[in-house]
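Same chain, two partners: subunit A is paired with subunit B first, then with subunit C.
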Partner chain A sequence: MAASSPRNPPPLRGAENQDPLSEMADEDSDEGEDIFVGNSNPVAESFQPDTANGEEPADLFSEEETSTAVNSSITTFKSNGVHSDNENDLFAEVSVELSMENPSTTAKTSGAEFTPSLTLSATQPRSMEQLEEEKDEDSFDMDVAVTNPEKIGDGMNAYMAYKVSTRTTLPMFRNRTFSVWRRFSDFLGLYEKLSVKHSLNGCIIPPPPEKSVVGMTKVKVGKEDSSSADFVERRRAALERYLQRVVCHPSLLQDPDVREFLERDELPRAVGTHTLSGAGFLKMINRASDAVSKMTIKISYSDAWFDNKLQEVESEDLQLRKLHAVVDSLVNHRKELCGNTAVFAKSMAMLGNSEDNTALSRALSQLAEVEDKMETLHQEQAASDFFILAELLADYIRLLGAVRGCFEQRMKTWQRWQEAQSTLQKKREVEAKLLWANKPDKLQQAKEEITEWEGKVTQYERDFDRISVTVRKEFLRFEKEKSKDFKSQIVKYLESLLQSQQRLVMFWEAFLPEAKAIA
Partner chain B sequence: MMQEGLDDGPDFLSEEDRGPRAVNVDLQTDATLQVDISDALSERDKVKFTVHTKSTLPNFKQNEFSVVRQHEEFIWLHDSFVENEEYAGYIIPPAPPRPDFDASREKLQKLGEGEGSMTKEEFTKMKQELEAEYLAIFKKTVAMHEVFLCRVAAHPVLRKDMNFHVFLEYNQDLSVRGKNKREKMEDFFKNVVKSADGVLVAGVKDVDDFFEHEKTFLLEYHNRVKDASSKSDRMIRSHKSVADDINRIASTLYTLGTQDSTDVCKFFLKVSELFEKTRKIEARVAADEDLKLADLLKYYLRESQAAKDLLYRRGRALVDYENANKALDKARAKNKDVLQAETSQQVCCQKFEKISESAKQELIDFKTRRVAAFRKNLVELAELELKHAKGNLQLLQSCVGVLKGDT
Partner chain C sequence: MDEDLFLEDVGDSWSFQLGGEDEDDLHEYQAFLGSSFFDLSGDPFSQMGLGDHEGKQFCWKKTHTDSSAEEEEAREGSLSVSAQTIRVTEAVRDGDALTFIVISQKLSGSGEYHVARTHEDFQWLQQCLFSQEVVPGILGVIFPPLPAKPQLNAPTKVLKQLGFLAMGEDWRMYCMALETYLQQVAAHTTLSKNKCLENFLTSSEPPGRQRVRKGIFNRLSQAMEGMRKEGHKDVDDFFQTERDNNLTLTGCSKSATERFIDVVLTEQKLAVACGHFSTALHLCVEQEEDSAVLAFSKICVKLSEVIDSIKRNFESVAENNLSTLGLGLDLESRCQEAEKEMLYRRTCKLVVLETASRNAERAKPVKTAAMDELKVAAEKEFDHVSGVAKQEIARFHSTRVELLRQALILWCEKQLETARDTSFRYSEHLQAFKGLGE
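Right, the complex of A and B next:
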């Protein structure tokens, strides 16, 4: 694996920081949505996507953090208890790492100038899209981690509590580092609250991980085997990615519910989540979208862009599902290979015992040991396959569902506007009839209604325009994040493959002289 | 005794493989008899092997000649050795397994039926895969038939066998039909009787330490080789499945990559290309493991069985000898048919001693051959695994370097 030695921090640009910073700050001050978040915590549990940054394309820091994350993640992968230390240590490590590079705040805000070519494009917006993209280049330090799954209670009323730790320099939080304990239903509750508030605006709200009755029951019942440990780890990692995506989202981060979720010690128990999970909500959205698509819809000027994007999303969804199925198959086959290798190793050892030529017997035993080591290798690789690749795909399949929901929201808004227009038309017809029939009192009422509906039409049109802008912006942001996510995760995965091969070379190199020594 | 490893065998997937490969017969000091399979043809339900002989022995009409033989004729030859009392004291080289293309053919057929449900690229790819698989199985069966012939040719006694010479030289069909149902049933019963008898015979404790040790050793060894052989097969099958999955991942990534020309799509294309290459290597790893490990174990499963058979025959001869002794004592006691008993006792004694003598040497040679074959194959296995792992490593390193450089 390529050595990920910390780079020497570039010379601290004290004064130079001010100008680009203030320039961008000016652009920022217009809208509240420009507070962006920094990199994900690299030392926190393994296999996180670098979703947490909406920063500039110079991913030098995220690169480094990714590779260090891979280092720590390979070794700490199985240990949930890595963060059973004090929460302070969690971030202490992080801050140490970050100090080896640039201090993150200045680094990220000066990120644009770190690669001069990008700075130029950043400060000269040419189109609306570019404008939207550069606002992402601002970033503030914000890291969240989900760690220390603990079982609280016993029997069927037991539940897992997770520690949610935040580290931030954002002024809107009371402290810089803090943590709270949350349970799974709290996460679902957060999602629900956010959906209710924001999905109507066309925001892409990251969906939480799905409920699993089977998985949780095993945990509750206290089955201490590897499958329930796997389940807990899988859920913990998924919850962490979920939170990171939420805080990465500029508008959602501003939401007081999010703040409350992160900060408040005792959260009121979320109700109704036992019936409504992320998946259920998505199903509702999907049903609605089906209904809407069945109605005939007039094509308006910007629909071409939206139609294209929706189509892209749908075909991508198809491919991702296909890919996910194959990766699943790979995970299973690798687990099978792992088991078969173990069994083979044992039978080789037995054969070595029977063999009466001493040198050959020894060599066969050595071969058995090599195969044993391969078994471990396969097991770890299968875990990589799953946690890096399969979960990434699963996340994005769910996210694409949310994106579709978003587009459908826009359609509904358009629908509402169109319906208002036709209602207005009808009211006008009524007015005309009344004029003809000469009924002055009813006429007055009709005129009032017309005014009311004219107001509504204008309102709905404005709503539609607004949601179109939001959806468009959200989509572009989503695409960018997705691109980054995929790239970093796949590179991480390839690096895990690389490590496997290196170990393989080591094993066989050790064995070869043994084989040659047979006489 | 000539050494015969499990061939320098055709490295099925190596680029240098061209045509026939004579098996490496290490210690052959005289080239008076060299046999190889120079060609093979696969027809619908049979394989035709061209057996090519080079010999300076006087019994042959020419110095170099070829005949075409089918699997059944090999079996006939093998069985004739087994049934020949003169060869009771030798390890009869195990018969080659029947060429089995059923599984491969079935897969090709299924592929043909499913042609409509996949893209053209996928179909062509899978077809190539299956054809390569078919070719590999084909080469393997040729190698196994060849090894059998070479073992016979290397054996100082068996190489002189008349049937063997007929097999090599007679350029017409040997009219050896495969066993019909009745004969197969007879074989089955013969085997049942033999194994029951084998148990009885094995129970007789041998005076000779060497043979007693060999008996215990071979029994255990045979069972463990059997176990190792089946486990290795299963492991290699899983390995092939993994390679297949990587293949499908590469295809799907390719489709994703061709949807657009964005950054991420280009990324997908590069990764898809990488997976294409790594899975080829993975497939070769599985194939090499099959060749160097699984086939080795399978062969020694068969050879250890042949050695067990030898011990059984010797054991049988011992029991016969002891019975003849008892009969002689009885005859002498009763003073009836003494001469007859004496002759029969003599015969049994001679038979037993003849077998014992050659058996000892055979078993020692078996050990030498086995150790050499394992050494050769294990070394080659390790070298190939290293080669492939390093190849994979290089691919991954360069790809990761490119991908990271892009971002």
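Right, the complex of A and C next:
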């Protein structure tokens, strides 16, 4: 997949004129910004196929993914967004903390063998299936994945870099498959930019995952325990979902910042992301809900609609929080079951060892092994509970916050319009007074101000109408997406549940003859 | 040794009830005891008369006011019911106590017996069994273990002792344990002949409502002496090995039982958590006509059905664990304790014998004859006990292997069935979900 071949300038939305000034066309007419810097596209180039596997390049989107494939593709990486040159050595040393094996494929291969590192069952394929569904509906083809968390640097200056891979047939991108390296603050920076541009329009902008000082410190310090790995996996999955939601949004996808994020090799460091800490975000959401509750409009039917929907959102927020708490406790209990099962397995093994009767001894040892296998099943199930259900709920709690933000935005617009109206009214009164007081020089100024404010009132009214339309549209889209999202996630959950159950049946079937063989 | 039961109601544990529970008994026997537990002055094989406790070999006592005739009969005869048909069908709450319904089929095939018994009645039976003095070497019998007394409204710590037996609905596990106990007694060649058993199973009148003297073996004495005697080296390799193995197995099986209890408790907790989840989902259902809201509500309803299935699965799995392997492990653990106690009694007899031998050797000429007599008696008894013990051990092992085998098979079969059922239900849910909103 050579990047140096001449490319036709991709058509823009609305099929604007194509300006073949250079090989890399100036795409974005809005900002007038040339986002394609440089001639070569080292990203695509270095996204080498893993010749060892003989697979299609950039096949992160397939179900089969082994850590060895990942490692070798890293070493062929020439340059990327966040790394300096001669990074090959760095990659060779960096330990990939996660095994990218998909438990479902492993199950296909053997029936009972799998490694314990699958506590972090990668939810990668989920993104594909989810996007596939949407792809059919929205008639654009776009897959995004966030993979390969890599620790860059050491000590407190270290950070995690994530590989963001895109596969698309959309013409507005330079290539069909490409990837870049991004760090967490880049994602936050993207959110900031999108917020600034689109929230005023009433768009529901998907919120990014939260910052976590504790989590990141552990990673920086280099604690190689399972909680760090869990944290990294959790963040990786959350970043992936975040990006998927962004690219699903038809307006946001068109935003050049999004494209730049996905394509550009080096992004300038995002600054000012401190506002997006977990606490900051919470404050934002609370402010929104406070402001909204203070407003009451009863001017037209459409406002009743908005009021209703807002109430819905608020009660749903409560419900989701409750659900999240319940699922959390479910996850904890399952982890407890894991521990208990493991301890029980050991005690049965000891009992089996002390047993004289050979057949009984063997059966007891087999029992211990069955229990061990069940422990692994429980662990996977707990991961499934968490990564599929709990995180889904957490995402939507945050999304509902963004929805509330939209409603607040609309309220602000309305308020601005109302204030403009009252200012206009005051100006008119001033004019009337001046007329009566007969001061022609000041009258002229007053008349000018009135005109100015009349203009503003009209504009603000139009703004309000426009944002109402947008918010309404966004909200309907959000509801639709939510149902789809939940449905596909629950299907995923059920599939993992069913798989576990089927493996369990196999374990029991294997044990029965052992029990019967006791004499 | 089960420390927990040390200070509890001593009478509940049929074993190691050495010395009298009352001070009176203790004094009486200490005159004879010296360093041994058993009183050897007197003919070990003479039958014990009613209420006559001096100089008797076995220090169990009965204070029945029943006629001595019944006492006489209590030693012979055979059971008129079929051992395998004995059932303890339910536990009826009667204020603070439980009454158990025991049903057994007549051997003659002409019907069945229905009796109601309390735990005190069971204890009476156990005491009867201990009091079979005529049988030489009775101490070598591994007595089927009687479960500890079930206490209603008991603090958690007390219930914990009962372990699996306190779990399950309506004391079902406990009933099964009692049932096993009765079946084991009834199947034992020597014990089944005790008329008390017949009485217990068939008499419509509750047996011996008088308070039975709780027993001879005083746990306190045993604890003090135990340190010295439990480790006492054996003269017989077979028994030494058996004692060592038993020690290991007792520890292992107890530990395995406790760990398994933890597993089952967590499974039950998971079922409850699923219940909460399912309920919370129902609260998300909105009666809206808006199609988007409706779609989401449908998802919530369907998901809550799934969670319900998960809950029922956990409940079944826990129940299966309880009623098969749990019960089996519990029984194994208590049976190992029973064997331990028998071996201990034999060891005590060995100590008595060795003491008597030493005494005989060192005796002054005037006492030699008496000491020799004692020594011969002790030897005879020890041999009897060892003989019985050997048989019992063989029987014990084959029985317990069989019991474990049955428990394991039943456990596996039940779990397999549950797993298959659940798998089927999950796949149905999956299909339903996939078809949602199409």
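Quick note on the criterion: the second predicted complex is superposed on the first by the 361 of 519 C-alpha atoms of A that agree within 3 Å, B and C clash if a C-alpha of one lies under 4 Å from a C-alpha of the other, contacts with A are read in each partner's own complex, and residues count from 1 in each chain.
Throughout what follows, a contact is a pair of C-beta atoms (placed from the backbone, for glycine too) under 8 Å apart; a residue touches a chain by one contact, two chains touch by 3 or more.
Every value quoted in this text rests on a predicted model; they were computed, and no experiment measured them.
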Handout entry: Fit or clash between subunit C and subunit B when superposed on subunit A
Key = clash
Handout entry: Which superposed partner A:435 touches (first subunit B, second subunit C, both, neither)
Key = neither
Practice task
Return first, second, both or neither, reflecting whether A:319 touches subunit B, subunit C, both chains, or no partner chain.
Solution key: both
Exercise for the section: Look at A:476 in the shared chain and tell me whether it touches subunit B only, subunit C only, both, or neither; answer first, second, both or neither. Expected result: second
Practice task
Pick one for A:152: touches subunit B only (first), subunit C only (second), both, or neither.
Solution key: neither
Exercise for the section: Give one of first, second, both or neither to describe whether A:360 is in contact with subunit B, with subunit C, with both, or with none. Expected result: both
Exercise for the section: List the residues of subunit A that touch subunit B in one complex and subunit C in the other. Expected result: 312, 316, 319, 322-323, 326-327, 329-330, 333-334, 336-337, 340-341, 343-344, 347-348, 350-351, 354-357, 360, 363, 367, 479, 482-483, 486-487, 490-491, 494-495, 497-498, 501-502, 504-505, 508-509, 511-512, 515-516, 518-519
Practice task
Give every residue of subunit A touching subunit B within the complex, in rising order.
Solution key: 2, 59, 63, 312, 315-316, 319-320, 322-323, 326-327, 329-330, 333-334, 336-337, 340-341, 343-344, 347-348, 350-351, 353-357, 359-360, 363-364, 367, 479, 482-483, 486-488, 490-491, 494-495, 497-498, 501-502, 504-505, 508-509, 511-512, 515-516, 518-519
Exercise for the section: Enumerate the contact residues on subunit A facing subunit C in the complex. Expected result: 312, 316, 319, 322-323, 326-327, 329-330, 333-334, 336-337, 340-341, 343-344, 347-348, 350-351, 354-357, 360, 363, 367, 476, 479-480, 482-483, 486-487, 490-491, 494-495, 497-498, 501-502, 504-505, 508-509, 511-512, 515-516, 518-519
Completion exercise
Listed in rising order, the residues of subunit B that touch subunit A in the complex are 217, 220-221, 224-225, 227-228, 231-232, 234-235, 237-239, 241-242, 245-246, 248-249, 252-253, 255-256, 259-260, 262-264, 267-268, 271, 274, 278, 367, 370-371, 374-375, 378-379, 381-383, 385-386, 389-390, 392-393, 396-397, 399-401, 403-404, 407
Handout entry: subunit C residues within the subunit A interface of the complex
Key = 245, 248-249, 252-253, 255-256, 259-260, 262-263, 266-267, 269-270, 273-274, 276-277, 280-281, 283-284, 286, 288, 292-293, 295-296, 299, 302-303, 306, 310, 397, 401, 404-405, 408-409, 411-413, 415-416, 419-420, 422-423, 426-427, 429-430, 433-434, 436-437
